[in-house]
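Chain nomenclature is as follows: A, B and C, assigned in order of appearance, with residue numbering initiated at 1 for each chain independently.
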Amino acid sequence: MKKIIMLLFSCFSSVLLGQQKALMPHSIDRNPQTSGDRFYLQQQGETVALQGNELSDAYDTSQPRDVLISTKGGVEVTTNDGEFSFQLGGRVLIDAAVYSEDKNTLGNGSELRDIRFDLEGRFYADFIYEMSIDFSDGEADIKDAWFAYDANYPWRYTIGHFKEPFSLEEMTSKKYLTFMERALPNTMVPGRSLGFGMNWIGGQTTFTAGLFGDDYNDDADDEGDEGDEGDEGWGATGRLTYAPLADERSVIHLGLAASYRKLDDEQEFRFDSRPESHLTDIRYLDTGKLNMSDSLTLFGLEGAWVSGSVSFQGEWIQALLLRDEHENPSFSGWYLQGSWFLTGESRHYKQRSGRFGRVRPLNDYGAVELAARYSTLDLNVAGIEGGSSDNITLGINWHLNPQIRLMVNYIIVENDIFADADGDVIGEDEPALIQFRAQADF
Amino acid sequence: MKKIIMLLFSCFSSVLLGQQKALMPHSIDRNPQTSGDRFYLQQQGETVALQGNELSDAYDTSQPRDVLISTKGGVEVTTNDGEFSFQLGGRVLIDAAVYSEDKNTLGNGSELRDIRFDLEGRFYADFIYEMSIDFSDGEADIKDAWFAYDANYPWRYTIGHFKEPFSLEEMTSKKYLTFMERALPNTMVPGRSLGFGMNWIGGQTTFTAGLFGDDYNDDADDEGDEGDEGDEGWGATGRLTYAPLADERSVIHLGLAASYRKLDDEQEFRFDSRPESHLTDIRYLDTGKLNMSDSLTLFGLEGAWVSGSVSFQGEWIQALLLRDEHENPSFSGWYLQGSWFLTGESRHYKQRSGRFGRVRPLNDYGAVELAARYSTLDLNVAGIEGGSSDNITLGINWHLNPQIRLMVNYIIVENDIFADADGDVIGEDEPALIQFRAQADF
Amino acid sequence: MKKIIMLLFSCFSSVLLGQQKALMPHSIDRNPQTSGDRFYLQQQGETVALQGNELSDAYDTSQPRDVLISTKGGVEVTTNDGEFSFQLGGRVLIDAAVYSEDKNTLGNGSELRDIRFDLEGRFYADFIYEMSIDFSDGEADIKDAWFAYDANYPWRYTIGHFKEPFSLEEMTSKKYLTFMERALPNTMVPGRSLGFGMNWIGGQTTFTAGLFGDDYNDDADDEGDEGDEGDEGWGATGRLTYAPLADERSVIHLGLAASYRKLDDEQEFRFDSRPESHLTDIRYLDTGKLNMSDSLTLFGLEGAWVSGSVSFQGEWIQALLLRDEHENPSFSGWYLQGSWFLTGESRHYKQRSGRFGRVRPLNDYGAVELAARYSTLDLNVAGIEGGSSDNITLGINWHLNPQIRLMVNYIIVENDIFADADGDVIGEDEPALIQFRAQADF
């Protein structure tokens, strides 16, 4: 019986495919006009028939291909042979914060934290791309904009705008962080820049490194004559992770990263940081502009341990700034956090990229997670009065389903006397705050 | 015969589905690398096979689902079980205006009125979202950005950035308005804010209410010390509609709305309004900044009547501003409009949301609609010389098909002596203008 | 046998289609609530079943339609009858430049040249649209935003924001240019404006003309009273192309274009131009603001010749500015370029639109192209010291596949003494530069 069906099916496929080929020229080719070339792409590019299961040869674009289509709120289209794919999704993060103020007013309110739209795909089997843009502040903030050559396993080569490989918390998407905001030391982390990178994957090891220019919208202007332009800075960053244990529910992750950055011709450098709440605009910690700054060198250590529903994670980051005619300051900070899923889930570790991912609730009512974090950052070094701050955070996350999450964070902020936003606010401020997030991604 | 076919089909489905499952791991799983996790979503999320008609169980994401795909210029993908869906569309509105000027120059010209891009969908059956962004002014103006719990009929709970429920004309999408711009009193309507809302649907009745913060890009700064931040304002808004008659071609709509807003810590308030033309930047009506303003309370009455091709619609809105150490002004305005489809169509009323929707022409040559409106707004109250204005509009709409519309509006503007844009232009200006729109949505 | 299969198939289709129709109302119609109307579009609009091969009648939207879906990194959905379609794609262009400076510093660095997202489609058979937005500078720069009536072959009528038809190089997409940037005379070309246009296609001839307002984000303000608004300018532009030979590998293209523009009420005019590198912000050539300017008239001549792997292309452009109370300057510039595919490909000419398109490599290792260009622009006329410049460019392009391209350009810049960025930099500067591009489109 099965054989007959198979036979029927192959006949059926060819009937159908023949028909579609016959249909297309008439339907699509009509009205050939000036800008009409785009409507002919289908004939030159990847034309895909929905039915029929003969896999087409790679690079033979004259032949229809089977596609798989799925939606999880967004949409994904993949050719059956996996050589071409397209995915569109996005995220909506809505925040509100109430501040228990001490010395300064912090501004209760609400905001769109992320309104992001994300395109990604694969073409000609060997290349992948991503284009991700955030609109939450009413402008177009480019996040990921890169493409990569992905056909030389275990290596991948990437060019464009993407995250410099530094810090477990930075590498983990904001969608999957345990707390609403990253810890205080994250202000020292490079983040996204324009550059060229390569990844290598071993069994338990990953290595990622890259050469980077500045962020896409930085432009160095000399302080001298109007019209003159300065050179941009550049950086080199690398990260090594090792996960001797990476089961579904048991993980040991160790990581090491370093980064060197030659500053641009303006030679100005600044570290500043809000408390671990994005809604207020007050950045208590602020070194001010440090002129005659030449280069910044970073070191980072990472560790994470997952055992069933319990997990711990910590990082230590140090930054050494080299300045002309000034003492060279060395800033440092660290955090330690723990989390516990009351409902039995585990944090999801992705060994291939050395970072954490999406939590999938085990029960219909979702997953509930309790978490706590201590973080500290000290910017009082070498005569620079940037301030020092400790934040203690208690958090509850309710993952209603894999794509929706509600979060509450209670944060106690302890600032020293120099944490005065470079003189704009009163130091030794010790506010507390409670903040909420509703998050959906698709 | 039918039985055999069904049998054949189910065998056929399983053959095919089996094959697809076998194919995917090879094709998609290849090259597991650092950022490659995204290519595995298909296995964890909603993977959908095109053929096969066994409906998968809810929440069982390991099993392929059937999808329906449609295009009407945009694209829509829905799983057959309706639990997941995705829709992408947009709109292009192109305007031109010619002014018959009286005392002031108004600036003939053309503009992109709306260039909007819209994502929406459903996931895990119970949740829906929308993300809609307008780029017409060269920035990213976030319109809708919300998600909602939609599984407790007749209630729906929404969080994010969306329209406060006030005014029939505001609730109706600009795509479906009878005139190019909303009437003068619309300047008093709250519009979109960040908040939490709930809807209730009865047979002939709808009730919508919400608690709102400010608009997404408002941020309150205290006037005092640099660095200090003020609290944002908040509001509560509710709307009740009753439609005892809501047939295809006969509608009676009545509505009632109220809104309270506590202003933010800046305590500044301003009403201003262009004439009913967006192209000029002159806002004749302008109260200027009213300081020490504490709260704003709004009341609105709505009525609409459709009888075959003829329809009437009107609203009255009143705004009471409470100020410290000042008299409390109470502004008000109203409009009344009528429309007639020469070609026999009716305005399309949507009872479930208490607003008007898309017109579908009955004939190949489209639908032609004549319309007239009188509107008035008076901002001269309590010593405030904000000006008063009447606008009379005559309009012709040609709906070429359900998604394309051409519009012409002729507007006679009558301003009083105080309608001087807070002193920037000459008052008692009485220009006329003709404006055109070409609109496509998809 | 084939007959039986066909019979089986048609039964099978009807079973399946019937089932889908039955399923939809239950699944999609559930939870009818306030903003839920969007989920009913499927019933009102173009609902499409995946299986079944009966073509539905035009405009009968109650009946499911067959669709074809393809991905080439982006996605394309077309109904089998070709009456509706949707396409989403984009591009990522990443540049870096190193300057061998002479008298001025030019600023080595990297940038995102284009981060573009593109929607287009067809609806109701007769109408097409395009919406294309660039985010590369962190804002939303609207490129194409138009729709067109496309059912009166050989004519097409377009309204919206699109390129005024002038210059072969301007008409050709940046994705398909031989060099990274357009030649110096391109600064005189109108580019995109808001307007109305029409195209006509003959056998070897195309004619395109349009009436245009200003660019979408221009707004004319009078210099007089605050609040007053000036009229926008307008223009009329037309282009005629003739291609007596337009084979796969042999092309002769001739073109002629003219443009008239009435300037807006500000009456200020300026030509300025960077060297043929976008990364530096220094525009050596700069007429400064020329006041009392009334109108600009342009003439352009184009020629291109493709013979196998070799091609040549050149253009000459002249601009006549009419000024009140000043001499009327007449600027002009031209370029000539040649290219040679080492790997045997030809430049792809699109006769229907009179421009060049995508190169498709013949070999697995891609296509390699060598190219050279000389261009010149003289803005020293009628007492205006705008400067004069010659650029010589040598380029290598490596098309890895039809959608990925790497480019290197080496450029020698020769400026005269007046090429001083209107006084901001030192004239007679003669730098050289090397710039790189990695380009992906999908």
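Assume a contact is a pair of C-beta atoms (placed from the backbone, for glycine too) under 8 Å apart; a residue touches a chain by one contact, two chains touch by 3 or more.
Everything numeric in this text was worked out from a predicted model, so none of it was measured.
Its C-alpha atoms superposed on chain C, chain A is turned by 120 degrees; the angle is given in steps of 5.
In a homomeric contact, the two copies may use the same or different surfaces; for chain A and chain B, under half of the interface residue numbers are shared, pointing to different surfaces. Chain B has its Cα centroid 31 Å from the Cα centroid of chain A.
For chain C, residues that reach two or more other chains under the stated contact definition are 8, 50-51, 67, 69, 75, 78-79, 85, 88, 122, 139-140.
If you check the complex, the residues on chain B that touch chain C are 1-2, 5-6, 8-9, 50-51, 53, 55, 66-76, 78, 80-83, 85, 87-88, 90, 92, 94, 96, 104-112, 115, 117, 120, 122, 128, 130, 135-140, 148, 150-151, 153-154, 156, 158, 162, 199, 201, 206, 208, 280-282, 350, 352-354, 357-358, 360, 364, 400-404, 421, 424-425, 438, 440, 442. Chain C makes touch with chain B in their complex at residues 8, 11-12, 15-16, 19-20, 23-24, 26-28, 30-39, 41-42, 44-51, 59, 65, 67, 69, 75, 77-79, 84-86, 88, 119, 121-124, 127, 129, 131, 133, 139-142, 145-147, 159-161, 194-195, 213-214, 216-217, 219-220, 222, 225-232, 265.
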